[in-house]
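In the two complexes below, subunit A is the common chain; its partner is subunit B in one and subunit C in the other.
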Partner chain A sequence: MINRHSHEAVLAVLAALAIAVLALQSAEFLTPANLMNQGRLMTEVALVALVMTFVIASGGIDLSVGSIMGLSAVLLGTFWQKMGMPLPLAMVLVLFSGALCGLFNGFIIVRFGMPPLIATLGTLALYRGLAEGISQARSVRGWPEWFAQIGQGSFAGVPVQVWILLAAMAVAVVILGYSRWGRTVYAIGSSETAARFAGLPVDAAKYAVYTASGLAASLAAIIFVSRVSTTRSDMGTGLELDVITAVVLGGTSIFGGRGTIIGTVLGLVVIQALESGLSLAGIKGDGTIVLIGVVLILTLLASTFAESRARA
Partner chain B sequence: MTDMTIDRPDAGAPMTGALRRVLREYGHELLVALAILVLLAVVGTINPRFVSARNMTSVFSGNAYIAVAAIGMTMIIVIRQIDLSVGALIGVLATISGTIAVSGAPVWVAWAAPVICGAAISSVTGVLVAYAGIPSIVVSLGMMAILQGGLISVTGGAWISDLPPAFLLAKMKVLGLPMPLVWGVVLTSAAAVWMRMSAFGRSLYLIGGNAEAARAVGIPVRRRIVAVFAIHGAFAGLATLLFATQLQVIQSTTPANLELVIITAAVIGGVSILGGTGTVIGASLAAVLFAAIGSALIFVNVSAYWLRALIGVLILLTVLADVMRRRRETRAGGH
Partner chain C sequence: MQLAPQQAADPGVHAPVLSLRDISKSFGPVQALKDVRFDLRSGEVHALMGENGAGKSTLVKVLAGMHRPTSGTIAAGGSEVAFGSARDATAAGIAVVHQELLLFGEMTVAENVFSGRYPRSRAGMIDWGLVRRRARALLADLDCHDLDVDAKVASLSVAMRQRVEIARALNQNAKVLILDEPTAALAEKDAERLLDIVLRLRARGVGIVYVSHRMNEIFRISDRMTVLRDGQYVGTVDAAATSEADLIAMMVGRSIDQVFPKVEAQIGAPVLEVRGLSSGPLVQDATLTVRAGEIVGLAGLVGSGRTELALTLFGITPATSGTIAIDGQEVRIGSPKAARDAGIAYVPEDRGHQGLVKPMAIRENISMAVLDRLSPGGILRKGDEKRIAAEGFRRLGVRAAGIEQPVGQLSGGNQQKVVIAKWLETRPKLLILDEPTRGIDVGAKSEIHRLMGEMAQQGLAILMISSELPEVLAMSDRVLVVAEGRIAAELPRGEATPQTVGHAMTRRTGTTAHGRARP
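So, the complex of A and B:
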């Protein structure tokens, strides 16, 4: 058990250590207000990272999530303000279009056998380009009060989006850890050929993970627009790298076949704790990025080392 | 795996045989070149100012650094690796070079430093990939964070200004031609010949095509991987020289998504992400094609905001063609 989850254990210790040091450094860090605020800030990346865990565990990758987020934000503004749709309908359509973007990724990867890295590099450019072309650098403001609640309001003392995130986490844990679909994802990541011979629904599972990835990115876009009360076509730029960093830091193998939702959540917590804690300690955000890079490489070095020793 | 085929003597029809071989080996490169010519002809007819010497010079020499960086990236992708940190690396190297230039050191030191530092920094990535066994996509992701964050932490976001005129390489001319253009052509040709003719260059295709086989025939695969990362870093340094000396100031940030532009150039130029095929000529031509498309959109009054969507479609079509061709070849070869 300990062996199987050694990466998660290392991360949990790391997270606890980071939180302890930061709590000693700054009295503000462990206050409920700061913790809730941190939850608010990490929701968008976290939602996308949950699904990215599935994508990477299946041996794939999705670089286009940041662009889908930008496109979704732009479409939300366009549907609502330019085309005069009721906002709830616009939100549903945006979720639908995000899923459609993901489905298209799945289509070119499954149907044409394109490597996911390159297929989604292409759609990264394509979706961002559509966002830029549709928005023509204009932003949409003046969102109604109820809409702002999604990103800025609280329910029972916890930010609304954190409730959404917790629900998504629960669903992700169950599906990846305890369902046939989750086992199929791991099987594809370990050996796609073997999974096919075993009669597993390989194509359907791939379609599902990429579609879910697009859906998560568009949900994150709605929350983000609600939080910052504006839409811009460059929203979500670089999101893919933050998300992949969290997932990989969380112990999901970039080659597929291995990874857990708990690991990803721990990865997200470590990153968020470092970012907020260091900024409270007066270290600028850029120093934090360096540390995240170092932590990422060192964690992987440690876990590859541990693995090769376990094998020997 | 067209590059690995053994040359057959077509003694009967030397002309058509040679032509066919060029077409087979450089078909993709010719296609990209053709696309550039068609673009120039069509947009030039609509708006002659597009093909004016002035616009062409600014398009080609302003983007030559992407072509130069794409040379190194081509080698990286040929051996089935990737480097997401190259954009951040170019940003760091630009600041190193600029800092030396304003410090009063001889200008050649400011020019040599980014090439040497680029090779050194990129070798670290190479060692982590080759010897620690961490996938390059992850190592370079971490490197990107370290370089990007480190750059802004150290400089505090301050720009370097008052660069000495003798430092501004990109503004110089050789035989009346802009320096970046000359560099782009010379470096691309040299790298193309080297990758085609030298044992080292040819071994890269074998490593990318089948690393196990490469090891079996005695190629020191790990050392080669580190070497290729070092060479790639040196090319990033050369690209920096063309990029950072265009203006009087050097910003302490990198253009967003520069790494993706460089990777895209390599991919549209015909480098297969599956490893083992692709040439630096294609990558450089693709960089030229992007630059021309970006400029052409302005001249035919299409909002440049659509440029990225167009590039996305271009990537997908190119890779689709590559995947389809491989499938056909497998089917033809495997009965």
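So, the complex of A and C:
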């Protein structure tokens, strides 16, 4: 038990440490207002990271999430303003097209046996290109008030999108940790051949995780558009790196077969705490990236060490 | 490298090249070895015997420097040594061919033979010409002139890979060669060739540690035998003064009926009916029937298409033509999932790769083929899962720390029991067993045979692939002989003898004398 969860333990200590240091340094940090704001800021990355945990645990990767986010944002504006659809319908269609982008990733990977890294590197360029072609460098503004609530409003004192995130988290914890689909994902990530020989629905599971990944990216896009009240075709650029960093920091093995939602959430919290703390301390963006890189490497080293100690 | 043939002298005059005293090794709570002693003389073949999980491979890994013993001493050539790594053992003249081959698949044969320690030319460059020449000479020494030293190892058969491993060991100029179940994955002919090589090396004065579950081999080649039981040293005996029964009694602590008891089962209606099944070059127009309670043996040479037939029935390589019916109902089998739903279970040949998810626990592996049954509504019932895993664990007599142990840590035979437990849990109508007792100790083997009899009595139809002819003859109600992708002969129990089956195996197809009797 100890060695199974040693990584989460290391992370939890790290998160607590980071938060304590930040709270001591800046009186603003531990205020409810700041914490809620941090929740708002991390929601988009977090939603995508939850599903990315499944993708990576199944031995795959999805580099196209940032591009799907950009394409979804552009499509939302186009459906609503250019094509005159009712906004709720446009939102549903955007979620649908995000899922479709993910399904197409799954199709290339399953049907042609292409390595996920290469397949989604290709669609990263493809979806971004589509977004740019459709948007024609024009942005869409003037969103109705009710739509702005998703990204800017609160419910019972907690930002609306944080409620969405908490719901998604609960679903992800149950599916990955307690359902047969979660078990299937781990089995595929550990040994795809053996999973297939056990009669597990390997292809269906892969379609499902990539489709869900696309869906999560388009949901993140809707929240993002609502939060910043505009659409741009370069939205979500580099999202895949933030997401993968959080998932790997959370202890999901990049080779598949291992990883938990709790780990990913802790990874997200550590990164968010570092980013906001450093910006409160007045440190610029580049410094933040360097520090996150260092933390990532040190954490993985520490948990490898803890694990080998627990085993010996 | 030129190996000078040496006189085979009386083994008694050789001093021990390797000597172990009071070696213990534990993995956490698992005590894999306890106060084991072992001596190896040069020019002898010393068999290391024991049931699955007795600790043989662990001892081998201690000798190879891969495990550090918890306590005890190792002496090589009279002086005490401590192996901190595989490199140290190699430097001490110990070469090992492991149970799971460790070659680098993407590298060529010659590169593997040298594995990083290449001869250099004066300019400091790797002398590839010399590398190839020496690899070729070494392999020719091992009787394989037919092997291309530039071929990638991944493209070779298991038998060939094994020879590459041995060539690599010889290239280290080893004084001690350790072979851990080298023949488990080999066909009879290849196994014969390997034994010849072992005997030749013995004649050159190499000390050989040989691990195997095959009794006839052990008695053919070994001079002495050391037996382990549950990680403890039981004794060392001279082969000449020991009978098979004595040895088995030492291994299992009681005597065992080694003759497979064939239980008579009520043979019922056809369960599997296959007509004109084809898929690829190795499954051609197969027609066969297996009835409830019947055990049908599939005999044939390695590469004749037996496994391919099983893979087609199981949906890995779906049929391109022909029909499959289960209980009289025609079924379409396009995937292993469809096969399982139709009531077909397949225990594969390659258990490490196809049969098990090694990092996962025994519990997770046993439940893997019945996850949907265990999760109405999608949520896994952990309680039910534990219960069926514990039941399968107990029923097959798996030896492990418990159902939470990762299967990758189990000994080979215990891994096989986990695969069988997994498939029995699906309550199949037809069970296909591909080399079910390969690498399995005598006790577990007769246990698996007993289980097969019991399952047949309960009305299960069994299709068994085995390269071990005695096993096929003893267990089968009917024997189908496969040759070149076709079913070349069908022999009822009474007519199946080593001669008739052997004859059908090698006979060219098309000249079916026995006819393919239709039931």
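Please note the rule applied: the second predicted complex is superposed on the first by the 303 of 312 C-alpha atoms of A that agree within 3 Å, B and C clash if a C-alpha of one lies under 4 Å from a C-alpha of the other, contacts with A are read in each partner's own complex, and residues count from 1 in each chain.
The rule we apply is simple: a contact is a pair of C-beta atoms (placed from the backbone, for glycine too) under 8 Å apart; a residue touches a chain by one contact, two chains touch by 3 or more.
Because the structure is a prediction, the values reported are computed rather than measured.
**Student:** Subunit A superposed: clash or fit between subunit B and subunit C?
**Tutor:** Once subunit A is superposed (C-alpha atoms), there is a clash between subunit B and subunit C.
**Student:** Is A:92 contacted by the first partner subunit B, the second partner subunit C, both or neither?
**Tutor:** Neither subunit B nor subunit C is touched by A:92.
**Student:** Using the touch definition from the top, say if A:201 reaches subunit B (first), subunit C (second), both or neither.
**Tutor:** Once the two structures are laid over each other on A, A:201 reaches subunit C alone.
**Student:** If you stack the two complexes on chain A, which partner ends up touching A:115: first (subunit B), second (subunit C), both, or neither?
**Tutor:** first
**Student:** Using the superposition described at the top, determine whether subunit B or subunit C touches more residues of subunit A.
**Tutor:** B
**Student:** Touching residues of subunit B toward subunit A in the complex: what are they?
**Tutor:** Contact set of subunit B toward subunit A: 82, 84, 128, 132-135, 137-139, 141-153, 256-257, 260, 263-264, 267, 273-274, 303, 305-313, 315-316, 319-320, 323-324, 327.
**Student:** State the interface residues of subunit A toward subunit C in the complex, per the touch definition above.
**Tutor:** For this pair, the touching residues of subunit A are 174-175, 178-181, 183-184, 186-187, 190-191, 193-201, 257-258, 311.
**Student:** Flag every residue of subunit C that touches subunit A in the complex, lowest number first.
**Tutor:** Touch list, subunit C to subunit A: 28, 316, 335-337, 339-341, 346, 348, 353-360, 364, 368-369, 371-372, 374-375, 378-380, 422, 426.
**Student:** Which residues of subunit A touch subunit B in their complex?
**Tutor:** 61, 108, 112-115, 117-119, 121-130, 132-133, 135-137, 233, 237-238, 241, 244-245, 248, 254-255, 284, 286-294, 296-297, 300-301, 304, 308
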